[in-house]
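This structure is in structure tokens; I'll ask about it shortly.
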Amino acid sequence: MKLAFIGLGNMGAPMARNLLHAGHQVTVYNRTPSRAKALAPGGARVADSIPDVVRDAEIAITMLADDAAMNDVLGSGFVGALPRGAIHMGMSTTSVELSRQLFGLHDFGHQAFVASPVLGRPEAAHAGKLWLIMAGAAANVERCRPIVDALGRGYTVVGSEPWQANMVKIAMNFTLASMLETLGEAFALIGKSGVDPLRFLDVVKNLYQSPVYNNYGAIIADRQFEPAGFRMKLGLKDVKLALSAAEAENVAMPLASVLRDHFLEGIARGYADRDWSAIAQVLEEHAGYIPLTATKPAGESGSSE
Amino acid sequence: MKLAFIGLGNMGAPMARNLLHAGHQVTVYNRTPSRAKALAPGGARVADSIPDVVRDAEIAITMLADDAAMNDVLGSGFVGALPRGAIHMGMSTTSVELSRQLFGLHDFGHQAFVASPVLGRPEAAHAGKLWLIMAGAAANVERCRPIVDALGRGYTVVGSEPWQANMVKIAMNFTLASMLETLGEAFALIGKSGVDPLRFLDVVKNLYQSPVYNNYGAIIADRQFEPAGFRMKLGLKDVKLALSAAEAENVAMPLASVLRDHFLEGIARGYADRDWSAIAQVLEEHAGYIPLTATKPAGESGSSE
Amino acid sequence: MKLAFIGLGNMGAPMARNLLHAGHQVTVYNRTPSRAKALAPGGARVADSIPDVVRDAEIAITMLADDAAMNDVLGSGFVGALPRGAIHMGMSTTSVELSRQLFGLHDFGHQAFVASPVLGRPEAAHAGKLWLIMAGAAANVERCRPIVDALGRGYTVVGSEPWQANMVKIAMNFTLASMLETLGEAFALIGKSGVDPLRFLDVVKNLYQSPVYNNYGAIIADRQFEPAGFRMKLGLKDVKLALSAAEAENVAMPLASVLRDHFLEGIARGYADRDWSAIAQVLEEHAGYIPLTATKPAGESGSSE
Amino acid sequence: MKLAFIGLGNMGAPMARNLLHAGHQVTVYNRTPSRAKALAPGGARVADSIPDVVRDAEIAITMLADDAAMNDVLGSGFVGALPRGAIHMGMSTTSVELSRQLFGLHDFGHQAFVASPVLGRPEAAHAGKLWLIMAGAAANVERCRPIVDALGRGYTVVGSEPWQANMVKIAMNFTLASMLETLGEAFALIGKSGVDPLRFLDVVKNLYQSPVYNNYGAIIADRQFEPAGFRMKLGLKDVKLALSAAEAENVAMPLASVLRDHFLEGIARGYADRDWSAIAQVLEEHAGYIPLTATKPAGESGSSE
């Protein structure tokens, strides 16, 4: 298939590579051009603008950091240049509201929109082992199947309206952040009380029998918060998406508020670019279990990118 | 081995049966005698007092609801009647503080104490598939091995001081309760927003790949809060154990406080004897997603048993 | 002075009246014209558009519900029609961010901006007993003095940059909402435990000796949540302003998050148009002290106006 | 009147002095004898044991740190030595549960119990300007009137059962701690955002017009957390009393949980003996507005005294 791929970050670049490996014709675009050029040797055509990247696409994939980045793409002629009848497969973790807007814009442009955010960290993107959360009209979802095959270990179609996939993705990321906070509080107690954290981790692994707990439990026990698989500032962004989606439904989510507070506090301490599991470090500092690090470092990262 | 078994509730009864099946000589005692007599046909000797049940034991196992129940056993002559050189294997989820006291009492009585709380719901107790969290002097733990083989699918020795096993068990139950709150908040958002909860559950299963999430996710999605596998009032007890253990270490656990509030609220609504996963119902009521049930029902159950 | 007054709600209408009584020439505008016409017998000139209301003004006062309403005014030609050299005195409780934008817009329009949000409920507005929180260049603040004299019992100049007044106002409203939550939790405990709430209220009055506590304490003790002096949906708006302002500074405000959750829950139950002190009712329902009211009423009010 | 006074700390000592000044015969006792002897020059008889202090008393006053201290007094022969017909006036901030027990014990001893905890810091105790929260049988409360006159600026009788006074006192201290957290969060936002905290304080004073806000607002703005008027570890004790009283009624108090967490965190940082308003410092550290102080100082004070 003729594909356009916009957004070549930690996740997007390996995904685009897997699409090339699967034999698709892929045109790529990235705001920072060097990341696009790096894919040329693998067979990608490198476009130099948004209209250029999508003009021949059957399916245009976006894999961007946040709503603001998607809005930039919209403001650069995306909808106008995408051919009639094409599909926009939105794989970013963006807001429910933006998803509703995209549905309307593409309907107006005689195109289709399928929301398809993904679960998995960069390793899973490399390995083609993402899980896709898909929503859209059945026929459109079906047309995206070759993309799914190239990128994922599986998928769930969660509804016929694209925003539903964004809602599920946002709720899933909330469960992950809650797990990090949970483990962080538990490790702070275990460690400060004088129990070996690795023994605790062993019990966690044996109870949950889950690769997610195994992975994050080990990161926290070892305090391997750098390099980040998923940065804390993106974790804050996702918790804010959950709070915002819940607010629109008048749903209180007290854990999400606690997560937000601790991510904000971590960012105030200069952890914006550490892995989001560094929320455990904030908690261990609260407990006085590990020394508090300096505040207000030069170059404090804000929550907006 | 000659075993004493005290406490034949939902968990204790099937555990005692598995010890009989494994060929041990088991003397049993329960405050409500009928539950002890039910084990006689399976070969158990039924004792009519605490001193009677332990007087010949090599290992005396306690599987009781809470600290108060263990204190009743202590107040009925337990330590005095237990033979010198015997082991008390404490399998209840009780406080770190009580575990420290038991260590001292048994040391004074020339006996040994091994804390060995278990992970698993009644089904796992029946199937001999519990996970044991053990702590105590290595030689004593080793002597408990036949018990472990009869009751569990595995075990972790988390330290040489018995209280460490209680701390780990308390921290584990905190992680479970946090998972219930997390899923409850997520399901409230998903359901109220108009996404099919079973689709969300499917994604949860595929991300975590954990029997624990599969089990509780299904209970919440189906609202199968009765009959209870683990009652909300015991959930509150366990969260209070976590808060108390953490307080002794000057560790703040904000999620534990949120859990405590929601369990209290559930109990105020009359859910004390529902499964602790009914915390999800409290959250769906907050969200206005499902109707609020009546308050102050006749027979409101308090948090103390 | 020649004044323009935009926004004639519960607060704005009595404020405009007091300006007329003080002898000013006041031109008024309101989106719903009937509220403007009601001021004509008192001597106000009634304008029929934004440009019309401000075209001769020395000082243009805005007293609007929220950022969205102010943005509507901006989108209707406000800055273009306001004479050079005039002052925009923004008395609404709006965001820090909007205040910064207004500063820039008026600077560009060769006008001045003084932020001057007010403390006080409609009774205080009627009585000319508001407290004004002012910020702006000293000379501009000085020029607003006649307005202050007509409307307030006093004022505090909190800085020379207008946004600082909005920040202080937002922080003050946060302290008020926190007081409501605090009293709500305390009254729920007092009432459910069987102590006379009026005796408790007497102690509150004698400790704090504050008209604010006296007023709100009586409202809560009597459950006089209707008619609203300040509606819950506006309370939610203000808490969100606090969270947003704090987020921009990477400051966690856990109480603000609790307030947000309880306002959301109240709105989900249909209390959007009750007084914001009805947060106490949400808490008494949590406690099972007063019966829960029906959920999902016809006409559930959302958080956006 | 012949009075016994037990507990001569920061509050008790000036109270005993005021009773002497009012002309009463006062026998005093303190666990640390030097604090009792200091009152001898003022006319107090110094007793050397609990039975000695109360044996001739018409009214025995206790002013102790917590339940544990009161239990020590009970265990030293207090009830047995107090004459029949005497009144125990319990002025400590102790638990509702202990108050119920004292009622029963004194009833058994043919004595009476009046709970009468006080509002006010040490300055108010010196000045005889405390506010007394009283509960007990009307005739007994009436007999305590001369004490009230000597110590207080006023009193409220909140009920005929002594525990009701303790419940009200506990709820009042909860409102104070909530106010401290509220101001702490607000000052952190104000300060970090670049607004002058003293201007904010001015607005707080003008809105609330309350000596309590004036006093604590100034302490926080000036960071005068030492010497402590009321130590953080006592603040934690009082919040725990509120949580415990609320738990007995199945009442969730989310703010109380937040307060508990922040006091625990402050104590983990070594602030146990600072004024409880130092909760504001914890919040400013969270915000990165003031530098974090060292953790785990030598001599970390625990929450139990």
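Labels for the chains are A, B, C and D, by order of writing; each one numbers its residues from 1.
Assume a residue touches a chain if its C-beta (ideal position, glycine included) is under 8 Å from a C-beta of that chain, and two chains touch if they have at least 3 such contacts.
Note that this is a predicted model, so its numbers are computed, not measured.
Novice: Any chance you could name the chains that touch chain A and chain C both?
Specialist: B, D
Novice: Based on mean C-alpha positions, I'd like to know which chain lies farthest from chain A.
Specialist: D
Novice: Do the two copies chain B and chain C share over half of their interface residue numbers, or under half; same or different?
Specialist: Shared-number fraction above one half, so same.
Novice: On a C-alpha centroid basis, what's the spacing between chain C and chain D, in Å?
Specialist: 37
Novice: Taking each chain's centre as the mean of its CA atoms, how far is chain A from chain D in angstrom?
Specialist: Chain centroid spacing, chain A to chain D, equals 51 Å.
Novice: Which positions in chain A are in touch with at least two other chains?
Specialist: 246, 250-254, 258, 265, 268, 286-288, 300
Novice: Where on chain B does chain C make contact in their complex?
Specialist: Going through chain B, the ones touching chain C are 254, 265, 268-269, 285-288, 290-292, 294-296, 300.
Novice: Any idea which chain D residues touch chain B in the complex?
Specialist: Interface residues on the chain D side: 246-247, 250-254, 257-258, 260-262, 264-265, 267-268, 300, 302-303.
Novice: How about chain B: which of its residues touch chain A in the complex?
Specialist: Counting only chain B, the residues touching chain A are 96, 119, 131, 133, 154, 156-159, 164, 167-168, 171-172, 174-176, 178-179, 181-183, 185-186, 188-190, 192-196, 199-200, 202-204, 206-213, 242, 245-246, 249-256, 258, 286-289.
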